[in-house]
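Chain nomenclature is as follows: A, B, C and D, assigned in order of appearance, with residue numbering initiated at 1 for each chain independently.
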Amino acid sequence: MTDEREQGTIRVGVLGAGGRMGAEVCKAVDGAADMKLVATVDQGDALSELTDAGAQVVVDFTTPDVVMDNLRWCVDHGVHAVVGTTGFTEQRLDQVRGWLAGKPGLGVVIAPNFGIGAVLMMQFATRAARYFESVEIIEQHHPRKLDAPSGTATHTARLIAAARAEAGLGPVPDATADEVPGARGADLDGVRVHAVRATGLVAHQEVLFGTTGETLTIRHDSYDRVSFMPGVLLAVRAVRSRPGLTLALDPLLD
Amino acid sequence: MTDEREQGTIRVGVLGAGGRMGAEVCKAVDGAADMKLVATVDQGDALSELTDAGAQVVVDFTTPDVVMDNLRWCVDHGVHAVVGTTGFTEQRLDQVRGWLAGKPGLGVVIAPNFGIGAVLMMQFATRAARYFESVEIIEQHHPRKLDAPSGTATHTARLIAAARAEAGLGPVPDATADEVPGARGADLDGVRVHAVRATGLVAHQEVLFGTTGETLTIRHDSYDRVSFMPGVLLAVRAVRSRPGLTLALDPLLD
Amino acid sequence: MTDEREQGTIRVGVLGAGGRMGAEVCKAVDGAADMKLVATVDQGDALSELTDAGAQVVVDFTTPDVVMDNLRWCVDHGVHAVVGTTGFTEQRLDQVRGWLAGKPGLGVVIAPNFGIGAVLMMQFATRAARYFESVEIIEQHHPRKLDAPSGTATHTARLIAAARAEAGLGPVPDATADEVPGARGADLDGVRVHAVRATGLVAHQEVLFGTTGETLTIRHDSYDRVSFMPGVLLAVRAVRSRPGLTLALDPLLD
Amino acid sequence: MTDEREQGTIRVGVLGAGGRMGAEVCKAVDGAADMKLVATVDQGDALSELTDAGAQVVVDFTTPDVVMDNLRWCVDHGVHAVVGTTGFTEQRLDQVRGWLAGKPGLGVVIAPNFGIGAVLMMQFATRAARYFESVEIIEQHHPRKLDAPSGTATHTARLIAAARAEAGLGPVPDATADEVPGARGADLDGVRVHAVRATGLVAHQEVLFGTTGETLTIRHDSYDRVSFMPGVLLAVRAVRSRPGLTLALDPLLD
């Protein structure tokens, strides 16, 4: 810490370092010029390793049953936290807000999706929604996926439907009179969503907007869980200057 | 005809010249360096105008109620015919075959689709089908379309399903356990087909094949009915050397 | 105007009504439920027809040599104007600003591109630019186009380059050591732009962003000059509540 | 071999089993229901392990300096071979043909690319070439790639150019008069090729054909070297019934 070359370097600890996502986070922090990986903690390790190593920010990719204890500990010890673990209910979020109330200057970012591309896709889709008569979503995934459509597609459809309603748009035009069941996709709040499944695909989504004589397409292709790493690093950089609880990546993408 | 520059020029007459497709055919023939538009016949005009003008090939884009009379007349007068009119049943085709039996050297081409791109798309899809574990079809059209999926998509799905069966392929892999109704599209002989409808679109189709680590996509975009003209001209050029009845454009695309 | 059903209807006049774009505007205004086409003026007609008909907003798609006289007249007579005519220099814009200075409440919108899809594509591209290591532009047009890349692609590249510079991003990664000249496209301020030309295409542009494990693509397809009409109608609706000079469609897409 | 369940099972040995491709081949053979991995040979191991284990087909992914010795050995011992190793000159191929001349019934398949999707893409592109006025190639790869365009794109362009020449097609239409250098891509025998490089991409290629009012696009996306495995297994299955030397995967895709 006295080394001048470390001026401005963020000291990062990783919780759940042995998991698939945690291991990727360790690699990503290690490769970032402005960060230093100072502690990797997994099941059975003591949380005190984080403070011993002088961690300023902790990244948590653990499990719903331990994440609240981890967060409580971080807040108590004045360590900022970036959390990708799932299972946060409104009740849990309120609890975190309560802990943070007594700690001015301390920040926690909890996000269900650290893919910057996916987050921007949803933002752009929401923004474009009011200007186009038509919109449909086509999501494409590997055939081992259990749900159809994907959670991201469902969320995107809800955002678009809300934006259309706010802008006073009516239903999308559709003269279909003779349909083989399913051809026109699932209807989510009036937005048609098509789920394609094929070996070789990973995770892809296309939002197609159309109006007279033109279409606008926003497409996101994700090939690997490393695609979440730029978003995690972005949150690590931002959390120290965002006191309180920040939900989702959106507010960090000014 | 005595002009040497006309050596090799095909003299073409158009039946239904006043209709939307007929008018496009007239323009296309007019613009083709190796053809000459010698007669345009519409409702109320005499068919004899075709022979008077020395038409060698007649293109018919009329209606199901007059096309058989037109064809009979062409065969009787030794004029080759290229037909885009719809409504041909097996019975009608047999009748045409009967007429042609007594006219060696005379050719008739009847095609439901003169789009070379669409025909090649279906050929390629049929050929690729046996090599890929997964396949799905996404067709996209303007929202005034009444049927979903489109006739071309339905036909493509049938061709693919037949090719898979012949190659001994089992069902495509699909672990979907939790589906919003319609999300996974229409099931046509085991091939999932998704129909997208949006203002601004014209007529598009994508066939997506997938196997371990790779996908192959064949996509056709049609923007205008003029897209059928290269196929019509191809048929006009080919019909004189194809005696008898030729069904669909496929055999002309060696 | 006393008819209660017309409450809220915007009375629109069109200048250059006989031109290709003007004719489309007339059709579009005619088809809009909240507008009434009250005057169509072309070469040789008197501008007073506009005021005689009670036009509240004038749309001008004329030529650079008459547009300044038209605008002067509109401002003098208290008629709002939406202008798609080209040829506006900084000097001309200053002149318009001067005229408007004395007319509080009067609005003029001058836009080089009324395609909402194209404008949103550029906005989204500018916004995404800072979050992705890589970016390239692929524009696709019909082969009769004289310039490569297109004006829109060039403009998009400049916007992206500026956004990258502002965010402190370095050059995009590129290890190319062995290049057939031209393969890597044109270099516009460090952004590679590829211009595809093919019969059958109309006007298309794709901006591809990439970072570790994911890509985000924003694509705009324009099939027809009618694609500009939703943008023209948007401007007609907005101009009455935007006093002064508004440049480009962007500010109207809050 | 006496086990009835093994009837029809192909006994496969892998040369270069420790390399990246070799290791994938071992996994793929192991996972194939109709094959048995009986020997894995790497640097320092004796080739006799292959015959000792009763290998019927050997897959060779080694290096140019040892592959000829390996092949000679296989031919001498009556073992079929499937070879993905590079560096085969016409001279080397003639040598292999000479060895095989004295061994009726023995087969060798040597292929530069085992990606079925890539091979089909090239076949389809070659076949479509004669029917479209315009054609361009857009290949997209990760930014660590040294050559632009890719070898596959260059090969595809050559095949298309040859097919166009054979069909008597002239140059593609292109009115470009004002070009920023490189915008129109590399010119390979008259076919324009564009090479896109971006982080997040793997290996992709699109061939775009256009004619009046329509386009046909053939696109191949490869995400992983496992994408070559279906092609390797296809060759293993086919080589025993294809005596002599087979070059490339094409003839196996009847």
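Quick notes on this structure:
What we mean here is this: contacts are C-beta pairs under 8 Å (C-beta built on N, C-alpha and C of every residue); 3 or more make two chains touch, one makes a residue touch a chain.
Predicted, not measured: the structure shown is a model, and the values here were computed from it.
Chain pair with the larger contact count among A-D and B-D is B-D, by C-beta pairs in contact. Most remote from subunit A, judged by the distance between CA-atom centroids, is B. Measuring from the averaged C-alpha position of subunit A to that of subunit D gives a distance of 39 Å. For the pair subunit A and subunit B, the distance between mean C-alpha positions equals 47 Å.
With each centre defined as the average position of its C-alpha atoms, the distance from subunit B to subunit D rounds to 34 Å.
In subunit A, the positions touching at least two other chains are 132, 200, 209, 211-215, 221, 223, 227.
Taken together, the subunit D residues at the contact with subunit A in this complex read 200, 202, 221, 223, 227. Residues of subunit B that touch subunit D in their complex: 115-118, 120-121, 124, 127-128, 131-132, 209, 211-230, 234, 253. Residues of subunit C that touch subunit D in their complex: 132-136, 138, 140, 143-149, 154, 172-188, 192-201, 208-215.
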